[in-house]
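Going in written order, the chains are labelled A, B, C and D, and every chain counts its residues from 1.
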Amino acid sequence: MGLPMEKYENDIKLKLTNITKIFPGVVALDDVSLELKTGEVHALCGENGAGKSTLMNVLSGNHQPDEGAVILRGDKVDVPNQLVAQKLGIGIVYQERSLVNDLSVAENIYAGNQPTNRWGIINFKKLFAQAKVLLAKLGMADIDPKTKLEYLSPGKQQMVEIAKALSQNPEILILDEPTASISETDAKVLFQIIHSLTQEGVAVIYISHRMSEIFQIADRVSILKDGKYQGTRIMSEISVDDIIRLMVGRDLVKQDYQSHVGEEVILKAENFNGPDFLNISFELKKGEVLGLAGLVGAGRTELARAIFGVDKKYEGELTLNQNPVKINHPMDAMKLGIGYLPEHRKEQGLFLEMTVEENIVATNLDVAVENKLLQFSKISDVANSYIQKLGIKTPDSKQKVVNLSGGNQQKIVLAKWLLLNPKVLIVDEPTHGVDVGAKAEIYAILKELTEKGTSIIMISSELPELLSLSDRILVLCNGNLTAELPKEDFSEEKIMHFASGTKNMFNKNSEKIGQPVSAN
Amino acid sequence: KGAYYKEKKAEEEASVPVNPDEEYIMITTIVNFPMYVNHDQAAFIKWGKRRGVRTTVLGPSEWDVASQISFIEQVIPSKPAGLLINGTDPAIANAINMAVDAGIPTVVYDSDIVNSKRHAFLGTDWYEIGRWQGEAMVEMIGGKGQIAYMGIIGLANMEAGFQGLLDVLKDYPEIEVVGKYDDKANVEEAARITSDLISANPDLVGICGFDAMSGPGIGLAVKEAGKVGKIKITTVDTEPEHLKLVRDGVIQTLVGQKRELFTWYGAQFLYDMVHKPNTLSGDDEKAGITNIPFSVNTGLFKIDKTNIDLFESPN
Amino acid sequence: MKLSLKLLQDRVITLSITIAVLIIISSIIWPNTFPTFDNFSLVLLNLSIETIVAVGMMILMISGSFDLSVGSVVAFAGGFTAYLMYYWGVYVPVAIIAGIGVSILIGFINGFLVARVGINPLIQTLAMMGIIRGLALMVSGAGIQNFPESFNVIGQTKILGFQTPVWFMLIIVALFAFLVAKTTFFRKYYYIGGNEKAAKLSGIRVEKMKIYSFILISSLAGFAGILLSSRLGAAMSTSGQGMELRVITAVILGGASLLGGQGKILGAMLGTIFMGLISNVMILARVSGYWQQIILGLILILAVVIDIILKKNVGIAPKKYLKKAVN
Amino acid sequence: MKLSLKLLQDRVITLSITIAVLIIISSIIWPNTFPTFDNFSLVLLNLSIETIVAVGMMILMISGSFDLSVGSVVAFAGGFTAYLMYYWGVYVPVAIIAGIGVSILIGFINGFLVARVGINPLIQTLAMMGIIRGLALMVSGAGIQNFPESFNVIGQTKILGFQTPVWFMLIIVALFAFLVAKTTFFRKYYYIGGNEKAAKLSGIRVEKMKIYSFILISSLAGFAGILLSSRLGAAMSTSGQGMELRVITAVILGGASLLGGQGKILGAMLGTIFMGLISNVMILARVSGYWQQIILGLILILAVVIDIILKKNVGIAPKKYLKKAVN
């Protein structure tokens, strides 16, 4: 994909020189310099907390650098706020959500810059028309731009974020982990768009923890480590391992895991029915990793939430070690030794304004209780032991979680559940926005659990990890169970077929369930 | 000889030097309530100026008896020459006793706190205010028709007033009381209630108001409903707004309270307790005598078309 | 069907239904006294002042904030204008402009201290409520009246059977309903209330916008106060007391949430209308004394429960639910 | 240094500093009247009732909610108990238990309708405030006095120079400061206030916990009301009016946030102490009339600004800011 670069023979569009950004307790960026060429896709790699998002926030006016300059097309600019960034033609898809639930999709896309007449009166007709075009371009022609955003599935919402950035048709497009929560198909659409943009001379900065993607679309890659610039390479001249070495400072032992599946059935679900899924039945064996594949919005999370007793609106029998159980609240599930690591950590997993240690003990304050009373020293001890065990990067256990980088936040959510050592652990997108190193660590932790006899249900939209970890995979399509695949017939295309509904193992219940509110 | 003796006393009295730091404190509630400010407090301060002593007015800015009590308790340590207390509620009795026990001359005005050790009370009987309104209303409406009344429900003095009104009305079977309403001493509220009343009861003939804001509120609504004169209004207090409404024939009868007298003479009583111009025994304290009146009813007065011209408003 | 269910998501619709039902039932019970033009026009007149303030409060609450000082501003602006006219003989229009001017200043101070300095809006506007009430007592302690006729007509004239305050209310509601629905400027408040961080990240000047919203409500409250003085033909230092809570209640009934991001201007008016009708109906029903408060409370709860039940019929209720519980 | 800066993050510390400064200055200005045992014990006595309620409010606000009906509950519980004793001659202890019983019931209704049915707490507790105020008027009308001596002693006895309400306050503050800091049960309120969804997914029974918190504040308010009746030797239907806002203000001064997740019990007491000292100082300074409101407002704002400035010295202030601005 080197083509556009030659086309615009190496003229520099943007230069970041000696950027330093210091947060209390952390040097997020330490003298980072970066060059961005017209029409290139420039990947930015680094561990969680390396400073990628911070750098992009500096570039898009959300943070002011303590030192260093932004040089756009040769002349030095200062970017005091986001608005200026927009005017300078810098568009960004943030890592965190920047949408508003109560507004229509169209208004979210054109936040603050809706089409208006000369008196500032919004031209809604035009607004919706524009939005429709843009959505179509992103392969979401089926979504009515008038829909309230909150009725969209998390994945579709992420696509709206992308549409929002594109709506400003920027000269420089920053994508900070855009594919973290979208499906393969949506990702493909995105890549096509990126390609056509580069043809028009747009420069793209692409941040991702998914090496495959980077090699698929990037022309060059720059690496950050602990806020320090590690260098820039041309993709064709570098390998995955080189990048990882630069990121992590060591080689990753890429092991493939052996299974610990036992004989006895731990969990058995029969005819689960809910608003987002239909007639789901399956078994879970001791020490097994059961993968749940499906496109975003397939109903996996809903199924998990049903088992965990979050949403009461479902029926079906659940048996745990041969005896039937009724779960009406997460507490019931936890008492039975079932844990659930939710998919959107910021909304559902974390207490952002609370400290790392308070978050870690959230599921089980009793660990810190001595003769009926809480001992804060014990909270710290427990927390620190997990900070060690999972290698969570934080100044101390009293740091507010909101200040940690995504990957480390995810590890904290995981620690919450390890604390309970559950019999059954459901993990929903456990490696959302987690760097390669941390991913490997999380995989290892999960496998270690199965070794100890814990059974795991793993929901993931990242097929590679699903394939490498699972002992068995169930595929959901639009709320229906379409396949159950043993390890030997694992393959990406097979799963995609079942997930997109073109094939179905159990045609008995092929009647489609009415799409949840999400559709309209 | 006796005559000579008296004169001498009089001269001494005249020549008693005043101490400008001698402080008399009035403690009320809703300290900023215009009626209180313009009558009670104005007269009290005027008295202080005449006497050349210090006067202070204290109290919470809402109707908050508990807070008024805390004000009383908190000024006691500073040992003022005398306390003039608005008898807002029987609940302040303990605080009053505390002041009395601390040896501070303490006078209650407006409503009496019977279960307290206060040295003197000046005021009017709110029950009478109710009766006066009732009688005026009965006369105006010829003893029949629908009427309503409003004030601040739950205040001891108001409830007494309501009782007085009802006691008058109960002798007139042809008068129907459509209801008792709480205008929270708020003009807009009184107006809203009134216009709702007018819509709900097309042949309403009279409304009685018991707090300072009732009059202006009722008057406004009656004007806006074009019912001036058709609906008779009796209410309390003599603020400029009230007087104007009487002049305009919107309000027919005002029952005035001579509030200035409460505080002027109340303060004077306190002063006399301190300076003992009249001693009634060798040692009044030992003899268990207070050298001021025990209870004074300043009486009421009525304002209507006939005498309104004599009350010219400050505006 | 699906559509109608979707409509039930909109408080403006559900509240309109509730109000309609209330009106129909009352008209059946009191055919001669309730459904009369006089009654309605008087009900409207008595809620007009509060509604004007409620419009500002709705915008503020859409942005996720609120203002407790409005009642005091009503009293102060009215008193200040009266003071200028009565004691200094200032020309009516000048006095009015001055009255609105000081209100704007108050709003700016509130907004600045909340948005820029970061004082909690409850504390800030509560403190301001006391300060301004004090100033109101200072300027119009004794109560001021006998204004120039040219001032009184503003609030006392009748046009097509409605007294002027009603017209002012309708104009202001219509104007802001339009602006909030149709202009980028006011739409921004939905972003701010819906997700302040996201708004910032989308390049919205959150702090500036917040300051504007406080200025707006203060100037509306100021205007309402001047209108009230004119209607009363007198300025009273006690007017507007307790208005803040009544207005906030009406606005929440009208669809706002303490979390922000929700609500329509029309909802604010429907909220005040609902409250106004309730008290009207209670007096028709001969509810009096303390029963008024008791029954008003019960009706309030009932109204919200009805709203929730209507919403519940729609699939996504549970989610909404959760939201509400948090509000 | 770093430590001391970190300490300034804690409102309990900053507010203590502010209070200490206030006390020192006042002692210098009024050496004979201010720093006396009598004065302090009276100040404490007069803020004891509100502090007892503030403890409950703090817990509620930690969980991200609040209750406007407390003032009415104070009046009703006091009146109801008085009613039983005075008109029915019910034994004192029984009457007290009954009074607290109804308060618990009120709290349960609030909690149930907010947590389970999903009514906005502002509307719910505001409605309840009206209903209960009405009931208070019903039971105690123009007021009830002449209680059995065995009832009056509860609130009128002096122990070691402090009147009993002060002791009750201290016990309740100490007890809950301990419980909230040291028990898993109360700790959960921080999680609920921090992120309700996450709390539920962490196995916390959010709805139940919320109901408990409403029951707790109501029963504390009920006890406070009974204590007040006993202290005054009279029950008033008007007592506790406007208390809700004063208490919430004190609690926010004490470190709570409308967003929830923050605050300490001790902070609640410091908040009421600060307010109590201010009014005491204003009495000593003989500040009167409208100046009282104006100055109180200014001091409130000043207090918060000082707090912000203290925090600002620490880097993370700007973020704190933003958060506050959202509160």
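As a convention for this text, contacts are C-beta pairs under 8 Å (C-beta built on N, C-alpha and C of every residue); 3 or more make two chains touch, one makes a residue touch a chain.
Because the structure is predicted, anything quoted here is derived from the model rather than measured.
Taking A-D and B-C together, the chain pair joined by more C-beta contacts is B-C. A straight line joining the Cα centres of chain A and chain C is 43 Å long. One inter-chain figure worth recording: chain B and chain C are separated by 35 Å, centre to centre, where each centre is the mean of the chain's CA atoms. Note on chain placement: the centre of chain A and the centre of chain B lie 72 Å apart, centres being C-alpha means. Shown for chain B are the residues in touch with two or more other chains, namely 32, 37, 61, 153-154.
Counting only residues that touch two or more partner chains, chain C has 130, 133-134, 137, 141, 289-290, 292-293. In chain A, no residue touches two or more other chains. Chains that are in contact with each other form these pairs: A-C, A-D, B-C, B-D, C-D.
Residues of chain D touching chain C in their complex: 64, 113-115, 117-124, 126-131, 133-135, 137-138, 196-197, 207, 210, 245, 248-249, 252-253, 257-258, 289-294, 296-298, 300-301, 304-305, 308, 320-322, 324-327. Of all the residues in chain B, the ones that touch chain D in their complex are 31-32, 37, 56-58, 61-67, 69-71, 73-75, 77-78, 89-94, 115, 153-156, 158-160. Partner chain C is touched in their complex by these residues of chain A: 62, 81-83, 85-86, 94, 96-103, 107, 111-114, 116, 120-122, 124, 150-151, 164, 275, 311, 313, 516-517, 520.
Remark: chain B residues 32-34, 37-38, 61, 148, 153-154, 178-182, 184-188, 191-193, 195-202, 213, 216, 220-221, 224-225, 239-241, 244, 314-315 touch chain C in the complex.
Of all residues in chain A, those touching chain D in their complex are 23-24, 308, 310, 329-331, 333-334, 340, 342, 347-354, 358, 362-363, 365-366, 369, 372-374, 416.
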